[in-house]
Each structure stands twice: as C-alpha cells, then as structure tokens.
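Both complexes below contain chain A, partnered by chain B and then by chain C.
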Partner chain A sequence: MVGQVIVSGVLSGALYALVALGLALIFGVMRVINIAHGPLLMLGAYVTFFLYSRLGLNPYLTVPVAMAALFVVGVLLQRTLVFRVVDAPELSSLLLTFGISIALVNLAQNLFTSDLRAVEYLTESWSVGPLSVSKARVIAFVFALGLTGGAFLFLKTTRLGKAIRATSQSREVALVCGIDVGRIHMLTFGLASALAAAGGALLAVIVAIQPEMGGVWTFKSFLVIVLGGAGNYPGALLGGLLLGLVEQLSSLFLTTQLSEVVAYVLLVLVLLVRPSGLLGGRQT
Partner chain B sequence: MRLRSLACLMLAAIVAGSSLPAGAQGPVRIGASLSLTGTYAKLGKNQHEGYQLCIKELNAKGGLLGRKLDLVVYDDQSMPPTAVRLYEKLITEDKVDAVMGPYSSPVSEAAANVTEKYKKVMVAPLAATTSIFKKGRKYIFMIISPAEGYLEGLVDMASKRGLKTIAVVNEDTLFSKAAASGAVELAKKKGLQVVFTEAYPKGNTDFSALLTKVKAANPDVIAAATYFDDAVALTRQMKELAVNPKMYGVTVGGDLPEFYDTLKQNAEYIYGATQWEPTLPYPGNQEFFDTYKKEFGHEPSYHSAAGYAGCLTYAEGVRRAGSLDADKVREALLKLELKTIFGEFKVDGDGFQTAHKMVTFQWQGEKKVTVWPDDLARAKPRFPTPAWNQR
Partner chain C sequence: MRLARAAVLPALGVALLALACYPLVGTGYGVRAALQVFMWIALAGSWNLISGLTGYVSFGHVAFFGAGAYTGAILIASRGWSWPAAALAGGAAAIVLALLIGYPCLRLKGPYFAIAMLGLNEVLRALVSYFEGLTGGGNGLSLPTLDATRPIYYVMGALAAAVTALTYAIITSRFGLRLMTIREDEVAAEAMGIDTFRHKLAAFLLSAVGPGIAGALTARDQGYIEPLSVFPLAVTVTMIVMVLFGGKGTVWGPVLGAVALFVIQEIVWARYPYVHPLLFGAIIVAVVLLMPRGVLGLLQLRYRLPRTI
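Presenting the complex of A and B:
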C-alpha cells in the first residue's frame, strides 16, 4: 500500500514541479505572482483536447503545439498587460493577474462551455508486482522530468537562459550589460506559460478538463515554489516531489480530506523554520 | 334571437372582464438561482432547461391565473453563499412573484433560509437531503426521493447475489453524506459487512491514495456517493489502480449521457441511481422526452425532468389555490396528489416527499438499462463486473 502511494506521489510530484517551474520563473525574473498560471494550464489542456477530439492527433504530439500556442498567449499577455505592473508593488500584480485569471476562465466557459471533457487515451496501467502504475501518468512523469530538465539546461547553458538568470538576479546590472530586459520579460512570461501548457496537455490525458480546473494548480504551484524557495528553480523540483509525496502519504495514513491540511501546515512550518524555502530563495 | 345576442354580449363581457386585469397586471415573474457554472454546472443547466420548457408550455396554454409567466434566472456558480445573496436580490430587489429551487442539496439548504424568512413557497426539485425538510420549515417542498435511498438498489441487488462486503466513499457535502450514510445503514440491515468508509473534499481530483486503501480492504461492492466530476475521476482512477469490485455504483452524475461520452466503454457495468428515466411508464413521459430533445438538442436527464415537474407542480398548486399567496399555495400543495412525467407527487406535513420512487440502472452496451426494482426492470444486471483487464 505504501509503495503504491509513493509511486503515485512521485508521479504527480513531477507534474507539480513542471507547472510550478513556470510560476517560479515569472516570480524570479519579474517579482510578479501570476494567479493566472492555473488558467493558462487549463488553456493548454483544451488545446490537447480539441486537437485530439477534432483532428484525432495523438495527445502526446499535441504537447509542443499547446506549448507553442500558450507561448504566444504568454508573450501577448506580457506585452499588453503584465509589463505595466512589473515595477509596481506586488499587490498590483496580484490584482492584475487575478483579473486575467477570471477573464480566462469566463472566456473558456463561454467558448468551450463548462461541460466536462476528457481525452480517453491510454487509460490502462502496467502491473509491476503488487503495484499498478497508470501508463498515462508514467508518460506524463517522463515528459515532466524531460521538460523540467530541458528548462534547467536552457537556463544554465544558453545565452538567452543566462540573460534570463541575470535579469532575475539584478535587473539594473543586466541592463547595464546590454540585456534587453523588456524582451527577456516577454520571453520569460511566454516560456512560463508554455510550461503551464505542457502541464495542462499532459494532465488532459489524466484528469477531466473543465474551465475551472486551473485554480487548484495555481495554489499547488504556489505551495511548491514557497516550499522550494521562491525564485529558486531546482527548488521547484524538490518542492513538487515533496508536495506529491506529502499529499499521497497523508491521504493514506490520515484521510483524503486532511491531506490538504497537512500540505498547508507543512507550508507554514517551512516558512517558520526556513523562510527562504528548503533550498533558499533566488540562488539561480 | 334576442336571447342569443344577450348571451353573446354577456360572454364577451366575461371574456373582456377576465382578460383586462390580466393584461394590466403583467406577467407572473418566477425567480431562481441555478448552478450554471462551477462544479454542478452540467446538472444545474439541465434543471434550468426543465424550468424553461415548463414555462414555455404553460405560456402556450395561456399562462397561470390568466397571466403570462416569466423566468428570472441568475448563476450561483454552485456556491451556497452566492445563492443566498441571489435569492435575497430576487425577493427584495427584483420583487419576483414566486421562486423555484436551485440545484443541489447544499445550495437549497442555504437558499431555504432566505425563502423562509420572506415566507415564499419554494418547490425545491433537486434537493434530496431529508434534513432540509425536517427543520420545521413551512414553505419548502420536495419533489425527488430522499438521498438516503440512492444506493438502495445497489445494496439490495448485492445482498440478493450473496455478496458479503461493501466499501462506501462519498464527497463531503450534504447530499453525498446522506446518501452514504443511507447506504451504510441499509447494508448493515441486509447483512453486508461495511469494510471501508471515507469522505473526500468537494473538488477533489486525486483519488489514488483513497482507492489504494479501498483496494486493500478488498470489498465485493463499492458504493460511491458522488456528483459528476468525482464520479468520472473515481472511475478512471479505479481502472488505473486496477481496483476490481464485483459491483460498483455511483449516485448522481452516473446517469448523464455525458458520463458515457466521457468514459466511453469504461462506463460499462457501472450501476447508477436515478430519480427518473425517459423509458419509465409515466403519463406524457415520451412526449416530454421528444419535445425536450427537439428544444435543446440533447436528451433530458432526471435533473431536467425534476425541474420540469417541479415547476408544473408549483403551477398546479397556484391553480388550485387560485392565488399566488404563499399560505394558500402552501395549503394546496400539502393536499396535492399529482402524477407527472416524473412520477408521483405527495408530501407529508413538512413538505417531505413520500410518493416518488427511485430506480437503479446499469450501463449496458452504451445504454442505461433499468435493472431495479424488479417491477420496473427492463433487463437483468450483467453480474459480476469483470476485472478491468478482462474486458
């Protein structure tokens, strides 16, 4: 039993990490808390759903499409709205992205209706000894690890990635070094939205899709980046896995209802003991 | 000759006399808040369409008390506090003439506090929790069978087939808790051993740990007191985790055509409870089904039928009372015995439903087939449910 839930916890933890990484990026680079992160994930899930149900595309092939589409949406959001609050107090960015999130959810309700949708693909599972491991979740896990790893590599090794990290460390110095900070902000928002979209596309095969599915992911991502250390990118991976395990184990040993309580108590404890997160904040 | 023209004149006077004030009074405005978005959106929308069809048909037949009917609907986003605010608004600001109930037990429970305060009769067609009606409220009326009976068919069939153990899980809200506790009571009475019970929060999407525990308890029957989203998620994750009971049944949501559309062949063998089926031999049922499908482009669910029948029941109460006065309508409804497309209506002194009957179905070959009770059953249940990997 414990083995089974540890497997479930690790599998969902990687997805948490993938989605949270986007939120961590935006926060790290712009100091903007993006409440609309979950709704962007929801849009990614709808891209997969429509490509799968209308064009019969393999859902895993739709992941890059969803990422590209939401990259554009992210860039546009930054270009038109979010850039206005980058230097404003954090409350302004909260209010703005909260507004964007409401608008996105309502837009989805009008365009896609609030009917529950599902991608019925790969619903079987492998049995490994006494464990059953869902195929869709394993593939999502592999994708999530791959994309998270890819994003790390991009940030660590490429010129653009270094520019993003430089901007997140100190905007002024980055400016002085000739980095176009406005462009970096746009790319960061686009990249973060693409990561959310990837999470949404992978989730589409696992859970049912509806316009309000994103809200809970905003909170989970928030939890993950606070656990890992806001602005600390490897911390997001650790925080994600930790949250996945804590949720599953507390559902097993306590009840499903208490699992959320445990997750948030953990958050409070971490904030009390290590206010900068488990790995410390902003060490990019 | 003179006599006839006199009679003619009198008739004209009567017609003019009765139609004049009707025109002057304007339409009867009926207000409701419904779950058009949020967790219960799918079900709330069907109820809304039931109301709309009922109003349309009543208007086609000349309205109510000689006045046309108008429906004023707001969206409560499936949230009880929002519904409270909206009923306050409907009654105090919009000054509607009458109200109809919202969707679901938790929302009706909250809204009933408002409608009682302002002494408005509220027929609550989609509130199935007994406690709502047993708190000394005077103006609320029940249409559907109580929540406690939803899983009765499943438990009864299981015990007749000699199954021994049952696990009961439920969403932690008013209706689902009542349905689950009803199932537990009934199971004990029928000699089934309850090996596992647990509630999960509303909006929960990850059931893996819960189902791991269910699997370890290895029950013959899994009874889940669900709404729609959780019923779908539970079923998908049961398959993922290879949880293989001999019978598996859900409550609300399992009867929607969308349940099968979403889960496809994975919905086969699943039992569900329903307040109503289009195939049941109630008067006018077939016509209702056809008209509804033509009007809205999809099949009605029991939520549609209950909404429709609830609205007709209220209208019948008003007609018998000859007035919109709450106390007179209340008296009329307490005495009313009515058979609609939804089945029978009769309430006790608390407005609690006593005549309506539930049925249990099973998904067989893409169709819902009534399998319980025996006198309404159209086929035998496909028993036992095969393991997921043997289908």
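Presenting the complex of A and C:
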C-alpha cells in the first residue's frame, strides 16, 4: 500500500515539477506572480483534446503542438499586458494576471462550453508485482521528466538559457552585458506558457478537461516553488516530488480532501523556517 | 476649503438619513442592491485597513468572509441562534482565524504573504468540504427561511458606516501614521522604534472583523451557502479592485470604488451575462494599468486635498 502510494506520488510529482517550473521561471526572471498559469495549462489540454478528437492525432504527438501554440499565446500576453507590471508591486501583477486568468477561463467556457471532455486513450494499467500503475500516468511521468530535464539543460547550456538566468540574477548587469532584457522577458513568458501547456497536454489523457481545471494547478505550482525555493529551478523538481509524495501520503493516512491542508501547513512552515526554499538561495 | 469642510458633516447626515428612510419607499430590488453595496463597502474598507495602510497584500481576504458566513450559518441552522448574535459570532470567528493566520504569516514579506493568504482560502474551502457533518460539505447549508432583508439592510449599513468611521479614526491617529510608515519603509519604521509586527497584527485583526460579520449577515440574507459561493477568489479581487479604483489608503476610496464598481457590474451583468467574467477581467486590467492610484489618489495629487479624504 505504501509502495503504491510512493509510486503515485513520484509519478504526479514530476508533472507538478514540469508545470511549476514555468511559474518559477516567470517569478524568477520578472518577479511576477502569474495567476494565469493554470488557465494556460487548461488551454494546452484543449489543444490536445481537439487535435485528438477532430484529427485523430495520437495525444502524445500533440504535446509539441500545444507547447508551440501556448508559446505564442504567452509571448503575446507578455508583449501586450504583462510587461507593464514587471517590477511593479506584487499587487499589480497578481491582479493583472488574475484578470487575464478569468478572461481566459470565460473565453474557454464560451468557445469550448463547460462540458467535461476526455481523451480516451491508454486507459489500462500495468501491474508490476503488487503495484498497479496507469499507463497514461507513467508516460506522463516520462514526458514530464524529459521536458523538465530538457528545460534545465536549455537554461544551463544554451546562450539564450544563460541570458535568461543572467536576467533573473540581476537585470541591470544583464542589461550592461548587452542582453535585450525585454526580449528575454518575452521568451521567458512564452517558454513558461509552453511548459504549462505541456503539463496540460499530458493531463488531458489522465483527467477530465474543462475550463476551470487550471485553478488548482496555479495553487499547486505555488506550493512547489515555495517548497523548492523561488528562483531556484532545480528546486522545482524537488518541490514537485515532495508535493506529490505529501499529497499521496496524506491521502493514505488522512483523506484526499485534507491533502491540500497538509500541503498548505507545509508551505507556511517552509516559508517561516526556510523562506528561500528547502534547497535555499537562488542557485540558478 | 473651510466652507467645504463645514458642509461635509451636514451632507453626511442628510445622506445617512436618506439611506435610513430608503427601505420605507424602495423596491425589493433596490433594497437588496443597496444591501449588496453596503456589503462591498464593508469588505473593501476592511481590505483597505490592512493592505491599503500597511501595504501587505491580503490576497485571500474572502477567507474571513467565508469563515464568518459558515460560523453564522452553522449557529443559526443547528444551534438556533438569532441572526444578530450569529453575526457577532461570525466576526469573532474571523478574528480568531486572523490571529491564527496572522501570527505566522505577517512575518512573511511581499509576495510570500500574498501567496500564503491565497493558499489560506483554498485550504478553508477544503476544510469546509471535509467536515461534511457540520457544514454540509459540497451540498451546502440551508438556513430556515426568514425574511429579514430590511433589518439586515440596517445592520449591514451600520457595518459599512462603522468600517468607514474606523478607517477615518485610524488614518487620523498615530496608530495609522505608524501603519503607513510600515507601508513606506518597514525597516525604517522598525528603526524608529515601531513594533511593526504588533501593528501589522492589530491592523490585520481589525480588517478581519468586518468581513466576518458581513459573511454571517450575507449567509442569513441569502439563506443558503456552499463552499464555492463564499470562498471565491473573485470576491477578494473585487474588493481589491474597488479599493484601487477609489484610492488605496484613503477613507472614501473604498466607498467610492464599491458604489462605482457595483453599478458597473450590475449593468454589465444584466447586458452581457455570458461574457461577464471576460469584461470583469478587462475592468481589472484597466484599473491596474491605467489608474493604480485610484480616483481619490489622482485628485489628491492634482489638488491639495487633505490626507483624511
């Protein structure tokens, strides 16, 4: 039983890490708390749903399409609205992105209706000894781990990735070094939206899709980046796995509904004891 | 200026008298709408006390509203309390919650406080759904029928007036000056000998009472509550946008913002029901980007108005 719980915790943890990494990037680079992160994930899930149900594409092949589509949406959002609240007090970015968030959800309600949608693909599970794991979750785990790793590699090794990290460490110095900070902000928001979209596309195969599915993901991503340390990108992976395990363990020993409460208590404790996250500092 | 100041009190008196007589002549819709405006004034004014004055963004203030609503509703429905007593209990419950949450969370800085408050809201919703026996869980809680809209109108109106009067009293006091010092520069405030934590906590407790009472009154007036109806993030955002629209950290800003935004929302709601959230989102974005100081803030900047407006 505990083994099963740990396996499910780790499986969902990688997905949390993937989605939260986007939020962590935006916060790290722009100090913007993006409430619209969950709704962007929701849009990604709809891309997968429509490509699967209308064109019959394999849902896993739609992941890059969803990422590309939401990259564009993210860049446009940053270009038109979000750039105005970079460096503004947190109240402005919270409210602005909340406004974007309800607008996106409402748009989805009008365009796609509020009906629950599902991508019925890979519904069976594998059983290994006493454990049984759903195939869709395992594949989502592999994809999430791969994409998170790819994003780390991108940030660590490419020129653009280095420029992003430089901007998050010090905007002024980055500017002095000839980095086009405005462009970096735009690309960061696009990349973050693409990561959320990837999470949404993978989730589409696992859970029901509806316009309000994103809200809880915004909250969970906050938990993850606080646990891992805001601005500390590898921390997101640790935070994601931790949140996955905490949720699953508390649903085993308490109930599923209280897992959020446990995670929240953990959040406040971490904020108080180690405000810079479990891994500490902004080791970008 | 002196003439203007002399006119303020009589004008206020006339306005209050008119509002007091209104239920005698008003339609059912009118009284109900005015009741809602009072509720929003109380909520927006309360948020202004903590966030407008100290700069600590309470992004989950609706949690106190919801806590008051559930406390009041449970006491009325299963203990048979009268609604005025239940309203006071709702306020008390909100204070207790604020103490529990403020004690750890007010030590957090900037965005982390906002995130912790946002989380609080989600957690309360989860807790309410969990304790089904007491709260009815996701099915909600129905109160015995009682038509008390008119008496609640007066109590809610008194609450709105009390919150506004409290704001005036605080802004004109040394306590208020210290809060605003914290907002401008917390380290400097500390260096000047202000016990910043205790001041923030006091402001936080005061800002929780109004929403708690308003929550219990609203639960009684509507006769039915459920987790989604009393803990929506949209309510927090609405009160914040009202304060921003009117002017953060002012006495009359929340009142002005509540009335203006309520009227706008009613019109939009009636005309465009399907895209109402979209338009609300646009209003939020417009207020944040175009008028972060609010109407009164702009007026204060342009004409040398007193700080106590």
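Heads up, the rule we're going with is that the second predicted complex is superposed on the first by the 283 of 284 C-alpha atoms of A that agree within 3 Å, B and C clash if a C-alpha of one lies under 4 Å from a C-alpha of the other, contacts with A are read in each partner's own complex, and residues count from 1 in each chain.
Keep in mind that, in the parts below, a residue touches a chain if its C-beta (ideal position, glycine included) is under 8 Å from a C-beta of that chain, and two chains touch if they have at least 3 such contacts.
Because the structure is a prediction, the values reported are computed rather than measured.
Asks: Kindly say whether there is room for both chain B and chain C on chain A in the superposition, answering fit or clash.
Replies: clash
Asks: Answer with first, second, both or neither: which of chain B and chain C does A:Glu260 touch in the superposed model?
Replies: So A:Glu260 meets both chain B and chain C here.
Asks: Just to be sure I read the superposition right, which of the two partners does A:Ile102 touch: chain B = first, chain C = second, or both, or neither?
Replies: So A:Ile102 only meets chain C here.
Asks: What is the contact status of A:Phe219 with respect to chain B (first) and chain C (second): first, second, both, or neither?
Replies: In the superposition, A:Phe219 contacts chain C only.
Asks: If you stack the two complexes on chain A, which partner ends up touching A:Ala68: first (chain B), second (chain C), both, or neither?
Replies: In the superposition, A:Ala68 contacts neither chain B nor chain C.
Asks: Go through the superposed model and pick first if A:Leu81 touches only chain B, second if only chain C, both, or neither.
Replies: Touch partner of A:Leu81: chain C, not chain B.
Asks: Name the contact category of A:Val181: first (chain B only), second (chain C only), both, or neither.
Replies: Neither partner.
Asks: Report which listed segment of chain B has C-alpha atoms clashing with chain C; options: 109-117, 163-171 or 235-243.
Replies: 109-117
Asks: Where on chain A do the contacts from chain B and from chain C line up?
Replies: Residues common to the chain A contacts of chain C and of chain B are 109, 216, 255, 257, 260, listed in rising order.
Asks: Taking the touch rule as given, give the residues of chain A at its contact with chain C in the complex, in rising order.
Replies: Residues 27, 31, 33, 81, 84-85, 88-92, 94-96, 98-103, 105-107, 109-110, 215-216, 219, 222-223, 226, 255, 257-258, 260-261, 264, 267-268, 271-272, 275.
Asks: Touching chain A in the complex: which residues of chain C?
Replies: Touch list, chain C to chain A: 51, 55, 57, 59, 104-105, 107-112, 114-116, 118-120, 122-123, 126-127, 129-130, 233-234, 237, 240-241, 244, 274-278, 280-285, 287-289, 292.
Asks: For a test of understanding, state which residues of chain B touch chain A in their complex under the given definition.
Replies: 36-39, 41-42, 172, 198-201, 203-210, 212-213, 216, 228-229, 232-233, 236-237, 239-242, 258, 262-264, 266, 388-389
Asks: Residues of chain A touching chain B in their complex?
Replies: Residues of chain A touching chain B: 1, 4-5, 8, 12, 109, 114-118, 120, 123-125, 127, 132, 134, 136-137, 206-208, 210-213, 216, 247-249, 251-252, 255-257, 259-260.
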